Each structure stands twice: as C-alpha cells, then as structure tokens.
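For reference, the structures are reproduced in the following blocks.
Common to both upcoming complexes is subunit A, partnered first by subunit B, then by subunit C.
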Partner chain A sequence: MRARLAAVGRAVAFVALALVLCGAIFEVAGFSAPDMFAAILDGAFLSDGALAHDLRWACPLFVSATGVVIAFRCGYFNVGTQGQFYLGGIGAAVAVAGLPGWPPLLVTVAALLLGTLFGALWAFWPGWLRIRSGTDEVITTLMGNFIAGLLLVWVTSGPLKDPSGSGQVTASRPVPLPIRISSDTGVSPAILGLTVAVGALVWVLVNRTAFGVLGGLAGRNPVMVTWQGARLSRLGLGAFLLSGATAGLAGAMEVLGPDGRLVSGFSPAEGFTAVLIALVANLSVTGSVIVALFFGGLASASLYLPVIAGLPSAAIDMVNAAIALFITSRAWPSRFRPARFRLRRASR
Partner chain B sequence: MEATGSRAHGGDGVAGAGEAALACTGLTIRFGDFTALADVTLSLAPRRIHAVCGQNGAGKTSFARACAGLIAPADGAIAISGRPLRAGQVADARAAGVELVHQSFALPPSFTVAEAMEFGLTGRAGAIYTRRGLQARWAGHLRALGVEAKPSARIRDLPVETQQAVEIARALAGEARILILDEPTAVLSPTATEALFARLRRLRDTGVTILIILHKIREVLAVADTVTVLRGGRLVAGPEDAGSVTSDSLARAIIGAPLRPAADAAADAAAGSVSRDDASEDLAALVGAATPHGMSRHPETATRRVAELAGVSTRPATDGQRLDAVDLVVRAGEILGIAGVEGNGQRPLVEALAGLVPLARGAVALDEADVTALSLAERRRRGLRIIPFERNTEGLSLSSPLWENFAARSLLGRSALALIDPKRLRGEAEAAFATWDVRYGSVENPARSLSGGNAQKVILAREIDAEARLIIMAQPTRGLDLGATAFVWQAMREARARGLGLILISSDLDELFDISDRVVVLQGGRVAGRFDPPYDLAAVGAAMVGGDH
Partner chain C sequence: MIELIVAVLRTATPMIYVAMAGVLAQRAGIWNLGLEGLMITGACAGVVLTEQTGSVAAGLAGAVLFSVLLSALLWLVIEKLRANPIIAGLGLTGLGLGGTDLAVQAVYGSEGAVTAPVGIPTLGPAFGQFGLLDVLILAMPFMVFALWVLLRRTRFGLRLAACGEHPFAARSVGADPARMRLIALLLGGMLAGLGGAELSLGGLQIFSVGMTAGRGFMAFAAVIFGAGHPVGATFAALFFALVEFMGIKAQLVFGERAPRDFVLMLPYLATVLGIWISARLRGGVPLNTIELRDG
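Coming up: the complex of A and B.
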C-alpha cells in the first residue's frame, strides 16, 4: 500500500514539475503563465460542461491506454497505438460502407468488431516479427504508425472518399446517424458503457488471470518464465493482439462516435497520449482511469488556450511532451530496460 | 585456534621475517547498515603464502578488496611495507605493488593474451602499438612465469585455468610485491588447483607475498604458510603458522561451533540416528575437511527410471558447450551427481532434459515415457522440476512479488485465461514459505528483498512439490552460506527418501561425494567416467580434466 501511494505521489509530482517547467518557458517567451494555467484549469475542469468535454477525449484515450498497459506489462513496447487506432477507424468505416441496408444495430456491432480486428492485425505483424526473429518492436510499431497514416490518407482520398467533399479535407462519407454510437459531443451511454466494459475486462485480464500474472513476470524477467515452461511466443503474440485490438476499438469508437466519419489524420496525438497515460499510471488499469481523465481534460482545454491566454492550442502538446520527458526519464531505466536486454537472450 | 581478539602483531610462525608486507589496524568496512568487516587488525609477513578463510559473508572478499584499494574502509588503516595506503585508491595500492586477481575474471574475452597483458597496465595509454610488437613484448614474460598461452590467443579461447594463469601473469607484469587472489580455486579442477599452488609456491620463492582467499580446509592446508580466519566480519584467529593448525581446529574456527566429537557421532550411528549423523558429516564436508561416504547408498534393487538420456547430442551453443552421445539413467530414490569442470556440458545437459534446446540426436525419457518431442511445460506436467543455474535470472524474477514467483509454476499448468484468486495464491505462498522456513517480510515484497539462502528456499518450495518426480539441481548451493547449504542438502535427502530422482550438478566435489549415490563426470560434453562410492578423488579429478584413470 505504501509503495502504491509512493507511486501515485511520484506521478503527481512529475506532472506538477512538467507544468511548472512549461509555465516557466511560456513566461520567458512573453506569455502569462498564470493565464495559461487558468485557461487549462478552466477549460479542463471548471467551465460548464467541462466533464462532458473531458470524457469525449478521455474515453478513447483510456481504451487505447489499456492496450498499452497490456503490452508493456508483458515487456513488449508496442508504441504503434496510433497506427492500430487508425486501422480500427478504417475497419469501422469499411464495415459501414460495405454493409448498406443492414439493420443499423448490426452494422454498428460489425463496425466495432471489424475495427477491433483491424487494430489487432496491425499489431500482429510487428508481434510476429518480434517473436520469430527478435525484430525490435519499438522500430516496427513506430514505422507501422506512418504506414497506417498513409493508408488512412489513401483510403479517405480513394476507395472511401466522400464524393461530395469540398476537397479541403479528405474524409469518408458521414456515418448514417442510426449507426453512430454518439452525437458530435462524443458522450453517450453507448460510449461510456463500452469504455467501462473494456476497462473492466482488461482489469480482470491483468489482475485476475494466469495470463496477467505470467505476463507480468515475463515482462520483468522473460528468462525466468521460460524456465518455468512458458512459451514466450504465445504470451507475447497474445499481448500484441490484445493491445492492438483495444487501440482498434478506440479508433472505431471515434469514427462511429464524435467524429461521425473517417477523416484523414484524425486524433493525431492519440497513440502518443495513450502511451503517456499508461506510463503515468504506472501500467495500472485503475490508475489509467484517473490519468486518462486528466489528459482528456488537457485535450479539451487546448481549445480554450487561444481564447483565454492567447496561446496556440499546441501549447498543450508541450505540456504533454514535458510530462513524457519526466515520466520516461524515471520509468525507462529502472523498470523496462533490464527486461529488454534479457529478452534477447531468452528468445534465442 | 580460538578467538584471540585483536592483536597488533600476528605471525606466531613468522619470526625473523622483518617488516610486515601488509598490515592493517582496526580495519572496518560497511555497506550501508551492514558491517562487512569489523575492527580487523593483523600483519602479514613478506615472502609467504597467507591464506584467509571463512564462510560466505565472513568478510574475506571485502578484506581483499580493501587491501587492493577497491573499497574505502569506514575506519582503520592499511599499510603496505610500512607505508600507509590512502583509503580506496587503487592507483596507490598498485604503486605500492598490490595486485588483485578477482574471483570472476576481469580479462576482456575478446582480447588476445598480449593485449590483455598490455592494457592491464596503467599509465601507458596513448602510444601506438603493433600486434607483433605487443606479442613479442609479452612472450618472454609469460614464458618466464611458465604460462603456456600463445600471446596471440584470444582470452575466450583459453581454458579457465590458463585464463587464470594469464590473469596472474598480468598482475605480475608491473612491480607487484603483493598478490591477492580471491577464491582462485573455485573454478579449477583438482589438477589445475595443484598446478596453481605449485605456481604460487614458485612465486613466493621469488619474493612475492601472496594473500589467497580459500574456503576449503584441504586447500588451505596444502598451500598456506599462515592461516587467518574471519567469521562474521571479525578476525577469529591468525595469522597462525599453518604447521600448527589441524583441519579439525580450523573447521571449528571457521564455523564457530565445535564439531561434535567423533565418539558421539559413532554412538549415534550405532543407535541408528542417521539424520544427526548426517548433520555432523555435512558440517565436515561443508568446509572440505572430510568427504564422508557413509550417507551415500546405492539403491540395491532396480527401481523405476525417472529420467533417461539415450545417446543425446546437442549442437554447440554460443559458448561452445554441447552434449556428445550422453547416456544417463536416474532412478527413483537416488541422487545422481554430475561432476566436471564448469563449461563441459552441464548447461546443455539441463537444457536437453528441460527441452529448451533441440537435440541433434538421441532421446530423452521421463518416467519411462519418451518426451523428446515435448515442450518444457509438458515435461513439467510429468513431474520434471528444475532448480536452474542462475538463481537470480533463471530461478526468480527479482523485481516481481514473491507470491508471483511462487505461483508461476502452478499458473503455467492452467489455461492462460483461467481466472485466479490472488488472495488464495498469496496464502499458498505464505503456507509454503512457512513450511520451508523462508525468512521474508511480505509476499508482496519483490524477490530481490531476500538473501541468497532465502531466495533459494523460495525456489525449492516452488520446485519440490507433491507432483515432482525428477528434480534437476544445478549448482544449488553456490553462493550460499553454511546454514543454507546444509538446508539444501537436507531437502535433497528428504526428496530422495520420498522416492524422487535427483540430478545434482555441482563444481564442488566434496558436496557431490557427500550426497550422491553415483557420480558421472562430464568432460567436453561426453561422459568421461562413472563412479560409485567410495569415490576416488584422484580418479574423478583425472576424468574431469580428460586424463585416464
């Protein structure tokens, strides 16, 4: 318990430190730091309907982050969340476009499932390369993000292009209203229900199944579980697939929910922020709930920054990056690096 | 040889030796709260071989490292030939002529012998070298010291005893006056140990003072001129003239508790009190004072074969180790000892039994059923248990909670998505740890919070369960202190009594001879000899190094 409190304290301290650093930078650059913090606070938490705005961003972020939790706990650094998220969106759009005239509920379910499947497939090939030949999954998943981004451009400007589009934005046809799972606000019983269900399932997976415990052991010491008779390849491939599936589901939720259609380059910071959430939450599912709400708040506050503090909305990206810097400088060496070195030896 | 307290001048048997080569007063070393060495005062005469002995954790290595300037003592002073040594200054110690040969070798494996010799010296950086020049420079030095290694050979290609000889030669390349060797015999075969001792005696005769850390009494008596005993970081005795020391008095000084008189043990044996007899024999074997054979017994009747290797060969691993047409049988209720110099196929043997390496040829059977094609998980389901070589990487996940480490084996028997109850698993771990007398804080603590002995008990608790049929124990007592070692041996005997088959792989012949019902020697991946008790040390030693017997 004390260790857990200490972990929470550390995470809070790092976030605070990152905010102070950003405040100082903006102050030096001639902006008003107090105004910036006021805008963030106001936009994220205090203004009318702030919670709803937070949830709009927090729900997909949380779902993506649970996938990161699964993979990272098992010692696989799937940083391809963005690409898997995009593939999920593409999957959903393909289902919607491919099943015209079906009952809306069936199309919705099919779209969510196909998005999940596409996300899992986009995690499968880096996972398979990793397990078969030890290819570094950080490289492959990261490269996969760019390929997925280009795939999205092609899909939205080619096969699924909305012919009535203005040409400024490449996007698919709008998803018919009965098929969507939320309005443009992005908050609905369906989205909240899905998010809670995913959270609960992943929590059980991580904390209450043999896979969760063995995966955790494998993440910290793959050699030890090998000597216990575990097949790292199966464990690892399972982690990759589940991780990609959640990111894919998040992408499908985004398309069927607030976005309402597949837009080229949508939610560009999704994957990065999801990794950040998982790391700040110390790879805990319950922790990710709170951290996702916080980052959801930051995302929604980014709309307020230009209005209140005269800052570009990209200032939030700086805050995110600063948090990432502090969190990774702590987490990487102590927890993950040794496992990575040992992995090579274990999987010979 | 009882505790004599601190003395300003030791050396009962070093009369007329003149100024001390190495003297320390009130030497104290602390690591955090832990005191490794407490108030040690002694002086060692020049041109002698001084043995320092004691159990694991007695402070021997700390003492050696402080003398070499590698550790700054918390208190006290060290003087080399009368001149004080600045605390923790390696360069100072080297300038004074102190060289340390480490427990685990420090030579870079990819270097040639000549390169290792050259770059082991300080103060020569910056010059330009030619390979030929280097080799010419060091060939003479190596020859003068009787080291049979080509200057152009790579360190990693040399046998372990030659590596050690090169390391010693490297230490003597400068103007070394004091050579410190930290447990140099741990990696050597009996023959190589004898050769090392001969080398050390020659060095002593040329004027070098030698400080050698040993933990086997037989070796101490074989090579030392004086003996110093440390126990729990304190100086117990010495330096005493080795001539006035008997193996019995030395064992008593090292262990701290008197060994039971022989008459007592005999009376117990007559009364059939076997387990107590075990204990006293264990104690003697622990310190290498005796190699009792009384406990070893060969099963008379042919019982079930719990493991069988038939003509097993493996492809060479990255370190070159392999098995070459190995036939082995382990029967229920026996302990099969595997002797051999390290690196002669012990690891491939375990991996072949575990199914972690593909076999080039041959078959493996467990409990009289062929398992050659089965995975480790399937073999474990059939009762295979492994205490692996590397406790901290292969045996435990140090950063994971203790209960997860314990639960790993049973969890692997279930399907991956089977629901578990962590509370029950924690309870199971607690119950098992209580049975195995593991000292721990909480099952939520990471495994790294345990000492070596307790960590090994966690592994034993996990691997020796009701369904176990064959237990492979790879170096199960390495790095453990006497108490923990005796515990492991007791566990092995109890497992044997329950009818399990055990394979004990050890580089400690005393341990093997004490506990094994049969001993098989591996050399170059082949079975080089099979021995029954009473064991002939010379014959086993010869088989280990490839000689005939």
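Coming up: the complex of A and C.
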C-alpha cells in the first residue's frame, strides 16, 4: 500500500513539475500562464457539459491506453498506437462500406471486429520484426504511424471518398445512423459498456492470467522468464497483437461513435496521449481509468481553448509533452529506497 | 545526373546534420529520440528570427541556441532525474512540435506558414545547376569528417565511446560519464539546430507547423542503419533522400499511376527496411532490456 501511495505521489509531483515548465514557457511566449491554466481547467472540467465531453474523449483514450499497458508491461515500447488506431478506423469504415443492406446490428459488430483486426495487423509487423530479428520497435512503430496516416489520407480521398464532401478535409461517407454506436456527443450506453468491458478484460488478463503475469515479469527480467521455460517470443507477439487490437477497437469506436465517418487525420494526439496515460498510471489498468479521465479533459480543452478562450490549442500539446518528458523520472523516490541497479537500453 | 545529385544533397543535408547529433548521443550511450523536436525547433527559430531581424546569421544563431537549450533540458531529465531516455526523448519531440506551433501563434497571431526574406547564401547562378547548393550543404562533408576525427581519433571521442559502452570502465579512468554526455548532447544540439535551419532556410525559406514530418526520426534511424558511425549515418541519410527523390521522379513520369500518398510513404518504408537490414546484419535488440516500473 505504501509503495502504491508513493507511486501516486511521484506521478502527481512530476505532473506538477511539468505544469511549472509549461507555465514558464507560456510566460516566455507572451501568454499569461494563470489565464492559460484557468482556461484549460475551465475547458476540461468546469464549463457546462465539460464532463460529458471529458467522457467522450476519455473512452477511446482509455481503450487505447489498456493496449499500451499490455505492451509496455511486457517491455515492448509499442509507440505505434496512433497508426493502429487509424487502421482500426479504416477497418470499421471498410466494413460499413462493404456490407450494404445487412442488418445494422451485424454491421456494427462486424465493423468493430474488423477494426480490431486491422489494428492488430498493424501491430503485427513491427512485433514480428522485433521478435524475429531484433529490429527496434520504437522506430518501426513510429514509422508505422506516418505510413498509416498517409494510408488514411489515401483511403478517405480515394476508395472511400465521400463525393459530396468539400475540398478542405477529405472524409468517407457518413456512417448510417442505425449502425452507429453513439450520437455526435460520443457518450452512449454502447460506448461506455464497451469501454468497461475492455477495461475489465484487460485487468483480468494482466493480473489474473499466466500470460499477463509472465508478460509483466518478462518486462522486468526477460532472462529469468526464458530460463523458467516461458516462450518470450510468443509472449511478446501476443502483447503486440493485443495492444494493436485495443488501439484498433478504439479507432473503430471513434468512427462508429462520435465522429460518425472516417475523416483524414482524426484525433491526431490519440496515440501519444494513450502512451502518456499508461505511463502516468504506472502501467496499471485501474490507475488508467482515473488518468484517462484527466487526459480526456485535456483533450476536450484543446477544442475549447481556441473557440471559447481564443488561446492556441498547442498549449495542450505542450502540457502533454512536458508530462511525457518528466513522467518516467526515478530520481525522486530512489532517495527513500535502497539503490537499485539501473538498466540502460544503450549499454546492453 | 547532376539534377539527381543536387536534389538528393539538398534533401539529405538537413537529415545528415541531425543524424550527426544522433551519432554523438549514441556514442555517449543515449538513444536520442528528441531529434525530431530539436530539428523543428531549429527550423522554426531560424525562419522566425531571420524574418524578425533580416539577418540569416541571427536566424542560424537562434536555431542553434534554442536547440542547445532543449538538449540541455533533455540531459537534465535523463541524467539528473533518471528518466527513461526514449520516453523523455519523445516528450522533447512533443515539446518542440507544440512549442513551435505556440511560438508561431504568439508572434504572428495565426497558425500558418512564415516566410523568411533571405535564405542561407548559395553558390549562385554562376555555378549552373550546382548554384542551388548552399553553404551548409558545402560544409557538410567537412563537418562529417571533422566529427569522425573527433570521435575516432581524439582522446575525447574515445572516452565518449567508453562512457556510452561501459560507463563503469570510463569512470575508473577518471572520465565523468554524466559530463561527457552533457558535452555530447550540447554539441549535438548545435548540429541539430543547424540541420533544422537548413531544412527551413535552405530550401523554400518557409517554416510551417509540423514541417519536419518525421525527418528527425528518420535521422535517428539513419544513425542505427549507419551503425553509429558518422560516415555510415551520412550514407544512410543519403539513401533515404534518394528514395524520396525516386518517388517524386516516379510521380512525374507515371503521373496518376503512382498515387501521391503511396509515393510519400516511400521514405518511411525505406527507413523500416534500413533498420531491419541493420538488425539482420549486426544483430538487433535481442531481449527487451527496459525497466519502467519500480518494485
């Protein structure tokens, strides 16, 4: 219990440090830091309907973040959540376009499944390269994000293009209403139910199954797990596939839910924020729930800021980035603990 | 042929400068994924300061200054707060991408492109097709050679390599790994700032938000592909630039039959191919060696 409290305290302390850095940068850039933070707080949590907007962003973010939790616990830095999320969206849109005239419920289920499958496939190749030949997964998944982004542009301006759309942003035809799982508000029993189900499943998987427990051990000491007879390659590939699948599901939820169509470049900060949520929550599923609500608020504030407060939404990107910069710091708690050995990636 | 050489050099040079920053960090034992952030900061500071002062020298100085400042921040977080270098580097990249967006809006009040009145001096029309090459491109081979000498033929370079490969051994002969890493990151910050400035001031003299589009990550991949060697990384960056050029050529020749979006994917695919080959040839990361959680 004390270790958990220390972890929470540490996360809060480093998030506060990140906010201080952001405040300094805002002041240098000529914005008033207190005003900026007040506007962010207002847009995120206090204004009318802010909590509903918060949930609208938090649900897909939480689903993506559970995938990051699985991969990172296993020790694989799958930072390709954004690309897998886009592929999930494409999968859902393909299913909707490819099954005209089917019963709506079946199409919805098929779209969610195809999105999940596409996401998993987009995580498969970096995972395969990593496990087969040790190709660094950070680069492959990052490059995968750019490739998926371009694929999304091609899909929305080519095969699935909405001919009546305007020139500025390309998008697919709107998803017919009966197939969608929520209105534009993005909060519906279907979405909440899916989110809770994914959360519960991943919690059980991580904490109560051999896969989750061995994966968590593999992330800390792969050599030991190998010597105990577990197949590291299988664990790793499973972690990649599952993390891609959840990101894909989140993408499908976004297309079938609040967005209602496949738009090129939708939710551009999804992947990075999902990684952040998992890290701030110290790779715990239950912790991710609360942290996802916090970052969901920030995501809704990034729409609120330019429209209502007239401030640039890049401020939210800065806050997220500054948190990423500090959140893995370990100097502070180590003063209260015996010195631990340090593992550095480059000195393998 | 000359057209190809000039075009590839112009595309590759910004990446090469940034890749050299990556080589320095790699030698010192840091996987610097903040390169993308340093590059865009350099690109933004270069154009904005040139536009404000009218002097390219001020623009280049600003690009170097801001990039060095961010590098110092990264060192502080990695070395003093002992953060995970990969996540901290990605955070720095986000800070660069968001910060330049914010800076452009703070200075010009709108989100869009900024144009500098003057660019980095070029050879001029007297040299025909080579006239498009600017000072930084011409200086590039000498810079790479100088870096090779520094890393492989000086006491400092060898100590730096020792700090990266076996910090304990380096400490035992009196080298302070933390300090060596600071020097490597600050030097790298200078080079990455120049690379970013070359990207924006060298070509169209325009800065637009997010214009690096993963080139900093590609430069990092060039470091891996080039086995952490300055010359290797240079050729890797030239290869990525060549692929990009071929794609643009293919589009000119084949037109509609070479879809634009797939052509744009080529450099990213080449990057994946590059580090896959690198892993096959030299052995990659065999086991996952990152520990994030305590206790």
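Convention: the second predicted complex is superposed on the first by the 323 of 348 C-alpha atoms of A that agree within 3 Å, B and C clash if a C-alpha of one lies under 4 Å from a C-alpha of the other, contacts with A are read in each partner's own complex, and residues count from 1 in each chain.
Here is the rule we use: contacts are C-beta pairs under 8 Å (C-beta built on N, C-alpha and C of every residue); 3 or more make two chains touch, one makes a residue touch a chain.
All values derive from a computational prediction rather than experimental measurement.
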A:238 in the overlay: touching subunit B, subunit C, both, or neither? Say first, second, both or neither. first
Dominant toucher of subunit A (residue count), subunit B or subunit C: C
With both complexes superposed on chain A, which partner does A:204 reach: first (subunit B), second (subunit C), both or neither? first
Just subunit B (first), just subunit C (second), both, or neither: which does A:173 touch? neither
Where does A:220 make contact in the superposed view: on subunit B (first), on subunit C (second), on both, or on neither? both
Quick check on the output: what are the common subunit A residues between the subunit B footprint and the subunit C footprint? 220, 223, 226, 342, 348
Once bound in the complex, which stretches of subunit C touch subunit A? 26, 29-31, 33, 73-74, 77, 80-88, 90-95, 97-99, 101-103, 105-106, 111, 164-167, 213-214, 217, 220-221, 224, 259, 261-262, 264-265, 268-269, 271-272, 275-276, 278-280, 283-295
Contacting residues of subunit A [partner subunit B, same complex]: 204-205, 207-211, 213-214, 216-217, 220-221, 223-231, 234-235, 238, 335, 342, 348
In the complex formed with subunit C, which residues of subunit A make contact? 3, 7, 25-26, 29-31, 72-77, 79, 129-130, 133-136, 138-140, 142-144, 146-147, 150-151, 153-154, 157-158, 218-220, 222-223, 226, 232, 236, 272, 275, 279, 282-283, 312, 314-315, 317-318, 320-334, 337, 340, 342-348
Within their complex, state which residues of subunit B touch subunit A. 318, 354, 356, 375-380, 386, 388, 390, 393-400, 404-405, 407-409, 411-412, 414-422, 425
